[in-house]
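Pasting a structure below so you can have a look.
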Amino acid sequence: MSAFARTALTLALAFLYAPILVLVIYSFNDSKLVTVWGGFSTRWYAVLFADGPLIAAALVSLKVALLSAAIAGVLGTLAALALDRHGRFRGRGAYTGLLYAPMVMPEVITGLSLLLLFVGIGLDRGVSTIVIAHATFATGFVAVVVGARLKGLDRSLEEAAADLGASSMRVFFGITLPLIAPSVAAGFLLAFTLSLDDLVIASFVSGPGATTLPMRLYSQVRLGVNPEINAASTLMIATVGLVVLMASWLTARRGQGG
Amino acid sequence: MSGRLARLFVRGLPLVWLVLFFLVPFAVTLKISFSSPATAQPPYLPVIDWQGGLEGWREFLEALDFQNYRMIAEDALYRDAALSSLGYAGLATAILALIGTPTAYAMARASARWQPILVALVIVPFWTSFLIRVYAWIAILKPEGLLNGALMKLGLIASPLPILDSPYGVLIGLTYAYLPFMVLPLYAVMSRLDPTLLEAAADLGAGRRRAFFTLTLPLALPGLAAGALLCFIPMVGEFIIPDLLGGSDTLMLGRVLWSEFFSNRDWPLASAVAVLLLILIVGPVVLFREAELRREEAAEGRGR
Amino acid sequence: MHAPLPPAAPLLTLERITKRFGPHTAVDGVSLDLAAGEVFCLLGPSGCGKSTLLRLVAGFEAPDAGAIRLDGADLTALPPHRRPVNMMFQSYALFPHMSVAANVGYGLKGLGLSRKQAAERIAGLMKLVRLEGFETRRPEKLSGGQRQRVALARALAREPKLLLLDEPLGALDRTLREETQGELRAIQRRLGTGFVVVTHDPEEAMALADRIGVMERGRLVQVGPARDLYERPASRFVAGLLGDVNLIEGRLGPDAPGGIRTVETALGAIRASGEGAAGAAVVVAVRPERLVVGGAEGLPGTLRGTLVEQTFLGDRIRARITMADGSVLRASAALPMAGPMPAVGAPVTVAIPADAARVLPA
């Protein structure tokens, strides 16, 4: 690698990680001010764990994330299968567009429009509406992850199974699914983190008693920099780091018998 | 379960969900944009009388309220916000293209052992909370923040730079937050580049620079286009970054929509802004599809 | 081993080239001289180091030891884009986003040619490889054979003194391959460019090369014209590489004038030519087409066996004969045959002419 390339890469990575490092370091700063280092302290973590509303919001977020990721996992896998297996079916272009559009659509639009729908059909806003909203935009992401794996799958394995007398159901559940399972899991994890992170959509479609962690954090952040938030951020970063490691390990694994 | 039924289920379930929870809401939003706050309650009058025939349609169209669109057209605020949104998104995307290309290139040229690590390094921030990462920039950019503190200590400036609550803050925020969206698609294309092509170019006398501009870059163009689209579209409607890092003079449509909805409680107007935003986005997508189709045709046509 | 020098000064000299990848030595002290205008084939099984050697000459790898000289100039430190050597890649490596003409002309930049000169040269090359009319096509719209010709034209554009070809005909089917072999030789003769061809196919090596260099595990084990290697292989490895061969183990008898020795084998005494110390364990190599197979009544001194299998292969018949000691000899007779072919299961006699048998190290 040339010196230029190496410099560019280092700068880019430094740029990406600088804010994260700032958060982590200052979450252990005894002083409230960012420019003053008051010594190493974990007191903000203590404050964090004593913060009732924040913990409650975190639990809501986890619940929503698990449910929406599960739904997105199923829908995304099905969609990926359809795109990979069903060839040039009619309306394929529109299907693809519909699947991937929620991924790039500005969140204010998705949030507002979903809220209007929920109000229109009289659905009470709360955890369920957030779950529906998150599942909708995460499906595309899961489809991308699973689709990539499906593309690289060796079809002859399934063909061999069929040749040996397995029905298409048996082939799917016995051969295909185990082979793509790591990618489905990785997609699930991706949907999970996306849900945990969402602020805008949740703000639109949530209801009383369904405050998510980002919503709570946002209301704090508007009031200014807060070391407790630094602590919360550091924990979230650590969680995500673990999740990413898990996901990359899963996608690196080729699945049983692959 | 018969084969055909299974196929229908596999394809149909996601379709039904997305139509119900993605397309239908747009229709509702469009409808609401033609009403006033008074009428913007369920059952979302005016409602089409399906039995009414042509008369029914005429009544419906007459009952539509265009006041929101009139307000958008007349009030300079919306026009300015629209232009400003396009401007920020365009500028930030351009900056990202300039930064992202060498980064993705460097990643693609790294040894096979390092590449997955580098990819993971780029992905981790992407998976880390957007809100948190933007929030961190507040701590860095504010007048009493790290950047100004460091610059003043180094004696480079006398008084703090007003980066936060300014257009610069927004630009930095956008560039930062969307960097992985530009780098990853670019890297995906560049890493798939056949290394023997580069060897052939070297064999034919091309130095590194010529090989990059005549080979790597043209072949990476699809990745660049994908990255640009992945960045530009969400950026136009971005809310969090202008809200936290921008000032009162950084007007973007996402913020306008939010304040119309939450502060003014004017749902129909917010819907109209949403429609406006959608129209702004559709443009680049259509252009992108056109360019793609034209590229495919070129490859076909030449072959004849 | 060092290949015998052709009379004029060599075009390419490789001096004790060594290349290691971690613990594995891919090229082990290879020395070689190539004459200008010569077609030299590097032949060997996969993993023998022939492709690595080619890449070393092209400049894509740097040797750990040794020197590479072209027309006397040391190439070893030069990066690939500055070497007066060009390569035709196994996968062709055509630039997918450029037309055929743009591909062919890619290497002309920086040579100081005017637009007109460049255009003329491209046109000349297109004519040479018989692809006139394909100038604006994209590589994806070409057949395998056409792509190969574009790759060749592109590699010749800079008029290199030495052209490296990595398995040039590997991707083509049989009939196309033979046709292309002829074309390749014709082009080479016309241009007088030195060719180094890497191949794993012995027939291809024999069809193309002036000299063949056999590589085994990173070492050059024998160099010479095809006929020399085929009739007088230096080892069982080389013998087996160039075609089917019968190998009969035995012990070498005393030295004799004229070079024809006697080898004591399980089948009896066999007369063969070759060197070695008396009493050494050796192997007698005989090509199937040199075995003389006859009916049950044979001349004294012939070996006896039973014909167990006959295969008709169009232009010849291949036969497997089980000998008295249980070993199997393979014979091959061109059709039409002089006499009748013994039936399967019939007793036959096998004679080994002394000049067809070669003594090889065991």
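Read from first to last, the chains carry the letters A, B and C; within each, the first residue is number 1.
We adopt the following convention: a residue touches a chain if its C-beta (ideal position, glycine included) is under 8 Å from a C-beta of that chain, and two chains touch if they have at least 3 such contacts.
If you're wondering where the values come from, they're calculated on a predicted model, not measured in any experiment.
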item	value
Farthest chain relative to chain B (centres taken as mean CA coordinates)	C
Highest-count interface - the chain pair sharing the most C-beta contacts	A-B
Separation of mean Cα positions, chain B and chain A [Å, integer]	17
Euclidean distance of C-alpha centroids - chain B vs chain C, Å	59
Chain A and chain C: spacing of chain centres that average the CA atoms, whole Å	57
Interface hub residues of chain B, defined as touching at least two other chains	none
Sites on chain C at which at least two other chains make contact	none
Partner chain B, residues of chain A touching it in the complex	1-2, 4-6, 8-9, 12-13, 15-20, 22-23, 26, 33-35, 74-76, 78-79, 81-82, 85-86, 89, 95, 98-99, 101-102, 104-110, 112-114, 116-117, 119-120, 122, 132-133, 135-136, 139, 143, 168-169, 190, 193, 196-197, 199-200, 203-204, 214, 217-218, 221-222, 225, 229-230, 233, 236-237, 240-241, 243-245, 248, 252
Partner chain B, residues of chain C touching it in the complex	58-60, 79-82, 85-87, 89, 91, 93, 95-97, 99, 106-107, 109-111, 136-138, 140-141, 154-155, 157-158
Partner chain A, residues of chain B touching it in the complex	1, 3, 6-7, 9-11, 13-15, 17-19, 21-26, 28-29, 32, 42-44, 99, 102-103, 105-107, 109-110, 116, 118, 120-125, 127-133, 135-140, 142, 144-146, 149, 176, 179-180, 183, 208, 229-230, 233-234, 236-240, 244, 253-254, 257-258, 261-262, 267, 270-271, 274, 277-278, 281
Touching residues on chain B, where the partner in the complex is chain C	194, 196-197, 199-207, 210, 214-215, 218-219, 299, 302-303
